[in-house]
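Same chain, two partners: subunit A is paired with subunit B first, then with subunit C.
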Partner chain A sequence: MSALHPMIEPQASPPSRADGAHPAVEIRNVTRRFGQKMALDDVSLTLPTGTVLGLVGENGAGKTTLIRHVMGLLKAEQGLVRVFGLDPVLEPVKVLSQIGYLSEEPDLPGWMRVHELIRYIAAFYPTWDAQYASQLQQDFALDLSARIKHLSKGQRARAGLLCALAYRPDLLVLDEPSSGLDPIVRRDILSAIIRTIADEGRTVLFSSHLLSEVERVSDRIAMIKNGRIVFCDTTQAVRDAHTRITIRFDEPREQPPVMEGALMWEGRGREWTAVMSVPANEARSSASALGAQVVEQSALNLDEIFLARANRAGGQTP
Partner chain B sequence: MLIHLSQSDGVPIYLQIVNQIKYLVASARLEPGEELPAIRTLAEQLLVNPNTVARAYRELEQAGVVEMRRTAGTFVSATKSPLARKEKLRVLGERIDALLAEARQMDVPIDELIELLRQHHRTMSPQSNKE
Partner chain C sequence: MKTINGPAMAIGYYLWLRTRWMLAALFPVAIIVPLVKQRVVIHLNGHEDYAGDLTPPYYPQIIMVAALIATVIIFVLLLSQFCYAGKDVSGRESAFPRWMMSLPIRSFSLVAWPMLYGSTVCALACLLIFYVLLPRQAFSRMPYWPLAAAAAFCAWLQAVSWMPFWWQLARMIAAVVCLIVVIGLGVLAQALEFQDWLVLIGYVGVLALALVAGTQGVSRARRGDGVRSPWSNGAVRKRIRPIDLRLTFRSASAALLWVEMRRNLIFTPFISLIGPVLIFGLCAFHAGHPSTFYVYGKMISSTMIMASIFIGSPLCCSLILNGTLAKFDTWLPDITVPNLLAVRPVTDSKIVAAKMKNVAITMAVTWLATYGLLILWAILPNSYERHYSVAGLVAANFTMRYLMWGLIVAIGLPLICWKFAVESLWVYLYGRRWLINLVGFGTITIWIALGTLAKFAPWREIVPFLPWLALMFVLAKGVIAVVIIRALVDRRLLSPKRLFGWSIVWLLIVLSLWLSVKAVLHPQLLGQWLLAAAVIWFVPANRLLLAPLALHANRHR
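Showing the complex of A and B:
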């Protein structure tokens, strides 16, 4: 069985629920190395209670490492990790009883039947909601008598989701939950996130490389690259801080112009287009400072922002 | 109420919801006094964050398109506010601009375009078809 289910006596009093006094997750100056590789480099991130944070980044950028710190599976070498004000490494039972966790490959015991799994997980959680569990089981059309190992990838993900949701955790942590799944399962997962946040005061941290999903459900988006946070802000603020601008010069140019905040240049001759990490008005004024005329300007979607940001080595030229 | 979210263009999701509800109201597919889905319901239907829907509804309220009644829900405004009419014209204006630009590109003269509009209007309204 996965180590993520805390050993709580079923008779124990319910764990303290989120009281709002602490942010759901607080990460301060966390650094982590794996050998030579800097997996997390001075990462700070706060997830207020009741919000949804989407964590994006390329494979190997540090998303899973960050999540493993939140779950208390890795100890911060430097810096501090708090979940509802508690250190997840020192108080795993209290912390994990408040977190619902689903990873890309849910670690479920293959030999168990679905109804056995449900009973088994339920025993760990005083807050287990049997009615909700049975509703989810019906919504997901999960065959109670099927063995986990015989379930399809999608049904296994749904079983994992049921186990992560049915005790109504205060914090839902999803690590690439929809990776490699068909659109219908992804829809179930998204819909579970939406329902979770519609319940007052619940917090979601999820990582995904599907930007469109992140944009749909997140209040805030954090992008991580080479172990560093590139940005962490509301979806709107992230969009507002980026723009695409096409400028035209009187004379043709051999090289792309130099403009503060330009992430990517395309074009040749007199007309050049840049994706920029500055607000639209700043891009405009730096263009006119170069003596160029702005011929087109448009907003970017998250995919485009992500691509432009990912292309540029974070401070370190390749 | 059918809302379709597109993620290819850079229009924020809340704004897409605002624009489409404005459009539905302007085209009378949502009638004055009609109730909009609850925030949570629409959020689950569109698979978007409930805060995004709430923000769209607030914007619509400020624009006078809907009224949010404390506990009862959100309703299309009964009175036609001047804003709503301005909005209709603005939405139409944008589409007309796009249409004109394309017509010019394809060398379709304005008179022909207007005639085309009339033709389409006739096929679209079943009443005039019967006549």
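Showing the complex of A and C:
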């Protein structure tokens, strides 16, 4: 590597370059098809700067497609995608210099050694912080002389994470980064998100199947299903907007009752339990209107909301 | 749902799924070509055989050559499928699919069945080439050994693909050695006039050895052995010098070029030098080679043939392999932009510029090696007419004029190869298989069609219109350039300032080339306007401009 020369180290943890005038990500009415399959169907989403948005959804729901639109790797057939007010397809250099990206399969070249990878990536970012990179390398216990193909899946994810963080991006995009990884690597990824949040004004967009993680670090949660956003709100608001209610009828019933906002029914005879996408008081009123007695009512965690939403056919917003 | 019983059926079904379209493409060749032979060739020639030499009428040769090219391409694709190709060719790991390694079957069964199917199909494809497509008079006696050689070569290629190697380039070298040994056995047996049955027995032995080697290779791959050097003894090499992460590349362009050179530099020299190295070896160690060869009714000097192979091999490679250099890793089958690069803040033009620089370096390396080999061959005492050296001949007839022409050719050849290669980058940079196939087969079809048209064209009537035709071509090039430049500006891939700069450079190149050729060329040979049109047509522009546009479409799908 003869073309190497010492680089000027930038200040540790510089302030965010995002001006704050534009949201970090703005997606408006984006539609995308792959052949017959509608991957994204009129999706709109806004991610203000400084927030952490967790994107949840089943496999094939459209999470990766949405993220690839944000990265400019896919072009919107209809609609508009803006990252810090810029079009990621027309201005990839300005946009990508502000984004740190890590996907489930980091797609790192197996023939490269870890130190070669770090130097290669560093060449693209004027804001690369060599000291921070060194610190992350030590934290992650990465062997610099090892070839990437000889690293374990967890070590590869750590190498990818180092490359996504060392230039202190304004927007961190993580596409199911912890999928198939052990708890220690998952902890590393979560700490990275938390560290990024701690740096003022930085934004995180991450998709995951592990809802406990999403719940732990996200300010906002968006659920995507069949290419449509089912809900997008703060974690607390999402929890408040869903409830589980158990009701009892005087007479046994063959079919579950029809109640507005019911996502999933369980039970038989006189007693039925529903997961509902309405606040607790509305659910109680609906039950009373049917002449049923409320036996039990409880809050739901994200896992339960996700399961109920995923089980429901279609992807229309309630 | 019907189930498949036994590994033979299951492996057969899997291979059928992988090869069915190629096998289907062979059927028309097997059915249509003999029909064409019957109807067209006999009608035109009065007998079944078509002339091997270039005597009129030409169309039987054109039809048969087109069919032959198509069959050879299908044959190569079939070979790659039977080897389960798709992994890193330069990698150390076995190319045998991992999911098959975990099947509850012995390694022998895993290897024997695909080898049997592959060898049979390759022998049949070879049968088609030798007994249907090639003219009968090409051989004094129909040889049987090529069938056995094709089967043995397929088996050995499979074995080599499935073996783990501890040295990265060992697989490529082993494949070339197998090709030489397997074909060489047949040639040697012919030269020593062995009986056919003896040659066939020899090839059965070669097949059995391939089976043993393949089984051994797959067994080692299943155990995870074989990818470490036997001398490393499993110990991990540690660098003594500490690695300083503050050292980095000068720029993004330097980093891009570094990766290009690491992965795409040696591919072209490696492939293009295989033929010349073999020929050099034959000349160096076989002093009694014939001074002339009888080729399709004509006596051709062996010196001419050797020199043609030396010069022709890199030229052919730059024509055939050109677009491959646009891949982000020549040794891998992927043609899409890897995420590692796609998400970096770098313009498409910078990526294309790094590729063009790498192509220039590749061509320089290829031609330097070729010239080196050519000089070594020229000083062999038997290189000219068995008893004399080419170097001696050159020294005896040396003049400054010859030296000047020699230098022009020596510099011109790498430049022409660079032109061929960079003009084709856009095809692979677009990242769609259909375009690669369309351009590849389309080019062959166009050349064949042009050759046929050239035969029938009323040249005397066309000659007066040639300047107009040339003007039309130049105008077409200009219009296409405007369309591409508009697309580039719309996508912000080219700034007006850079466009102006490149236009000036392009015009200067055209002007200087026109003046140079005009000074050298006899004025009666080509009118200066026609020459100017030819130069404008020759100097690359549109296909170069297409490269960043194609990459943009690949990177932002």
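Here, the second predicted complex is superposed on the first by the 298 of 318 C-alpha atoms of A that agree within 3 Å, B and C clash if a C-alpha of one lies under 4 Å from a C-alpha of the other, contacts with A are read in each partner's own complex, and residues count from 1 in each chain.
We adopt the following convention: a contact is a pair of C-beta atoms (placed from the backbone, for glycine too) under 8 Å apart; a residue touches a chain by one contact, two chains touch by 3 or more.
Since the structure is predicted, the reported quantities are computational estimates derived from the model, not experimental observations.
Aligning the two structures on subunit A places subunit B and subunit C side by side, free of any clash. Of the two partners, subunit B and subunit C, it is C that touches more residues of subunit A. Of the two partner chains placed around the shared chain by superposition, neither subunit B nor subunit C is touched by A:255.
Of the two partner chains, neither subunit B nor subunit C is touched by A:59. In the superposition on chain A, no contact is made by A:36 with either subunit B or subunit C.
In the superposition on chain A, A:90 makes contact with subunit C only, while subunit B stays out of contact range.
In the superposition on chain A, A:138 makes contact with neither subunit B nor subunit C. When both complexes are overlaid on chain A, the residue A:216 reaches subunit B alone and has no touch with subunit C.
Minimum Cα-Cα distance between subunit B and subunit C in the superposed model: 26 Å.
The contact surfaces that subunit B and subunit C form on subunit A in the two complexes do not overlap at any residue. Put simply, subunit A touches subunit B in their complex at residues 52, 187, 190-191, 194-195, 197-198, 212, 215-219, 235-236, 239, 298-301, 303-304.
Within the complex formed with subunit A, the residues of subunit B that make contact are 5, 7-13, 40, 43-44, 46-52. If you check the complex, the residues on subunit A that touch subunit C are 1, 3-7, 9, 71-75, 89-97, 99, 101, 103, 106-111, 115, 118-125, 128, 130, 133-134, 137, 144-145. Only residues 88, 91, 237-239, 243, 245-252, 254-255, 258-259, 262-263, 329, 338-340, 342-347, 491-492, 555-557 of subunit C touch subunit A when the two sit together in their complex.
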